[in-house]
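One structure is given below, encoded as structure tokens.
We just call them A, B and C in the order they show up, numbering each chain from 1.
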Amino acid sequence: MIAGADLRAEGVWFSYPGREPALRGVDVEIGAGQFVALVGQNGSGKTTLAKHFNGLLRPGRGRILVDGQEIAERQTADLASTIGYCYQNPDHQIFATTVAEEIEFGPRNLGVSAEEVVARTGRLLDLVNLRDEAERYPFSLGRGQRQKLAVASVLAMEPRILIVDEPTTGLDWQGGAAMMRLMRELHASGRTIVIITHDMNIVAEFAERAIVMAGGRIVVDGTPAGVFSDDDALREADLRVPQAFQITRRRPDLFDGQPLTVDEARRALLSRSTVAAGDLS
Amino acid sequence: MRLAELSDVGFRYRDTTESALDGVSLTIDDGEVIGLAGPTGAGKTTLCMALVGLVPHATGGVLAGSVRIGGRESASSSLGELLTPLDADRALVAVTFQDPESQIVGMTVEEDLAFGAENLGVRRDEIRRRIDESLDFVRLGHLREAFPYALSGGQKQRVAIAAALVMRPRLLILDEPTSELDPHGRAEIFELIGRLASTGDYAVVVVEHALDDLAAAVDRLIILEAGRIVFDDRPDHVLRKVDRLIEIGVRPPDASVLGLAAEQVGLIAPTDRAFVTPDELLEAFPR
Amino acid sequence: MTQSFRLYEPGSSFLYRLDPRVKLIGVFAIFFLSILFTDPRFLAPVFLGVLGLIVAGHVPMRRVALMLRSLAILVAIALILWPLIYQKGPVITTILGFKITEGGLFYGGGMAFRILDMVVAPIALFLTTTQPDFIAGLRRLGLPYKASFALATALRFLPTIVGVGQSIVEAQRSRGLDPSRGSPLRRMKSYARILGPLMITSIRIAQQLVLAVEAKAFSINRPRTFYRELRFDTHDYVALSVIGLICCVALAVRVLGYGVL
């Protein structure tokens, strides 16, 4: 178990130069080991807020605390071994000539010992299933693999907190599922995971907690089930609940409650007879 | 009119061993609204580009079989010949691409909209008229002088569609218009597709890798796997094959999956149609 | 975020309404005058004249001043360096063994104003002309279509590439690689690391762009329409005449031996 990492924003206001405020008084706390989805449309402030946590952006008003300490004095690059931020477009961070080199670069730059670098790289290659591709040129890989490489190279700094921007956008179903399985594994090993997403299916299936943003404010913050039932908040955020929930919430009698995911809903239906149910995935 | 006809088409990109397309046969007629889905690498984009002639003329590679666009054989015509309108300055086919940014050529929205029609040699006043109409149709009239970098992803895709419309294509192909967009952007695009479809003026092919919005928007659904067509039928027929779709790697709409399960346990009467939208399924449940 | 790429702001004075070809010719004329003379007493009025046009044309002086400010170093170098190198006429003073002469000072002043002239003219052009008009103007003045298309496309994608570069720097900082830190050598190596992803992304964009352009029938064998219409109006002919007159007078003056040191 990796202990005690948390993120806190206190009364944060932020505006991009010459524009309306992108964050309007945001207060939020994310405890160690949580799996949180930061949800909203483009322009809701979700990415802006996330970028505050590793110092890419600095609040106009208010404070940001990581692991209990204010980060106002600390540089992004120095925070990389506490909090890792993975960009939506993997191609923006890949620059090495082989997959292994890409992963090694961060820790080597940090002065980690040669043996430790090799060991870490090996573990990460296995984790993201790129062991066989270790000597390949990164841009010869498919998009999903490059995305996993990007995550691995951020993880090489061994951060306790991981923020991933749009893990599934641009990927097909299998690609997205593989990415989320990786997120789940990372969470299981004790890391705090924050994913920025607008995919409500992902939220339903993976997140313990969903923080929904609109217009620079948090409009609702709770479990996916709680959030999906808050019609007013969802309307304000202009988001739709997953199809499965659209169906189950109208007929809880048929589904034995209001399951959020299609797998749960299907199982609920099939258990109404003696036919055994198998899983969708 | 028969806009496109593919017969047993195979295609391999240069320096690759796998076929991007394998034994593909299909026809597209005036006014059809077609959805094309499949996992990454199934050949959706390759198929789109073959319909425009970019494959093989702009991409290189080996094309087998017959690709006829507007009656012209792709293999024996140059790209310029293929794209030459048959009549009245109406392009045969126009396409938009997945990446919103790199398909906008012009320095401003207006310049980009004019570009295709300029190339076709359409008269200046006609170009102006078409630009006015297209901007109106995609509801971006207020962004006429805007620079591309100032636009959101959804707006860029709408600009790309508007630019395609200015060419007045008979066949409009939208290659993954929503993959890089948020739900807002996606809703805007599908609303636009709905209006395009109801004009009856265009045949439309929309490519997606998710079926939730696509299946409800089209009359005909084609599913590709590893370069081959696996399904080519009405959406409510294709969506019954839930297990096969999952195997291929295309996620069926939740309504279709739950509808099938409901049928299996006798909650609803046996039927030969799948449920495409949540409302359809909710209607069918017993009170 | 990249608002600064928008040089042109809409306006309605005569400068904005002039045909871009006239403004381009005007800029070339200023270049011609700048090279024709070396005497600051002739070059300074050129600079002041352009500034006068800018003021009369209601172009926001603030933006002009901002851009001229970045020239300050170059101008200062000219004023300092030339008198040290070029000596002519009576000696004014001596600094560190270098003789500063009256002729040298004049020459330095002339070079300084030459720089200012050659920069303020294009500034006035870009502040009062939309990008598409600028490209159309070049094309109608004789630049081949393919070249003007290439230029227009480069201008179109410049903000995009800069945006990608910024993204890349941010992404690398998030991994502990900060290009703005360390010794100059280390910083250079850090910035070099941005080139890889930047090149790859740029090439990707270019590849996609080729397909998009071809799909829009770029290679078709038909005469091309040019949507952007440029037509001369009375005020354009008047402006051209004035420009022509000034150039002739300047040439005559020069031939008579004035304007050079």
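The rule is short, and it goes like this: a contact is a pair of C-beta atoms (placed from the backbone, for glycine too) under 8 Å apart; a residue touches a chain by one contact, two chains touch by 3 or more.
Worth saying up front: this structure is predicted, and the values here are computed from it rather than measured.
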Where chain A and chain B overlap in contact partners, by chain label: C
Identity of the chain that, by mean CA position, is farthest from chain B: C
Chain A-chain B separation of Cα centroids, rounded to whole Å: 31
Length of the line joining the C-alpha centres of chain B and chain C, rounded to whole Å: 43
In chain C, residues with contacts to at least two other chains: 204
In chain B, residues with contacts to at least two other chains: none
Shared-contact residues (touching 2 or more other chains) in chain A: none
Residues of chain A that touch chain B when the two form their complex: 41-43, 142-144, 169-175, 198, 238-240, 242-244, 246-247, 250-251, 254, 262, 265-266, 269-270, 272-273, 275, 280-281
Chain A partner contacts - residues on chain B that touch it in the complex: 39-41, 152-153, 179-180, 182-185, 209-210, 212, 246, 249-251, 253-255, 257-258, 261-262, 264-267, 278, 281-282, 285
Of chain C, residues touching chain B in the complex: 2, 5-6, 130-132, 135, 152-153, 155-156, 159-160, 163, 204-206, 208-229
Residue ranges of chain C in contact with chain A within the complex: 1, 3, 164, 167-168, 170-178, 181, 193-194, 196-197, 200-201, 204
Chain C contact footprint on chain A (complex, rising order): 16-18, 51, 54, 56, 75-78, 80-81, 84-87, 89, 91-95, 105-106, 109-110, 139, 153-154, 157
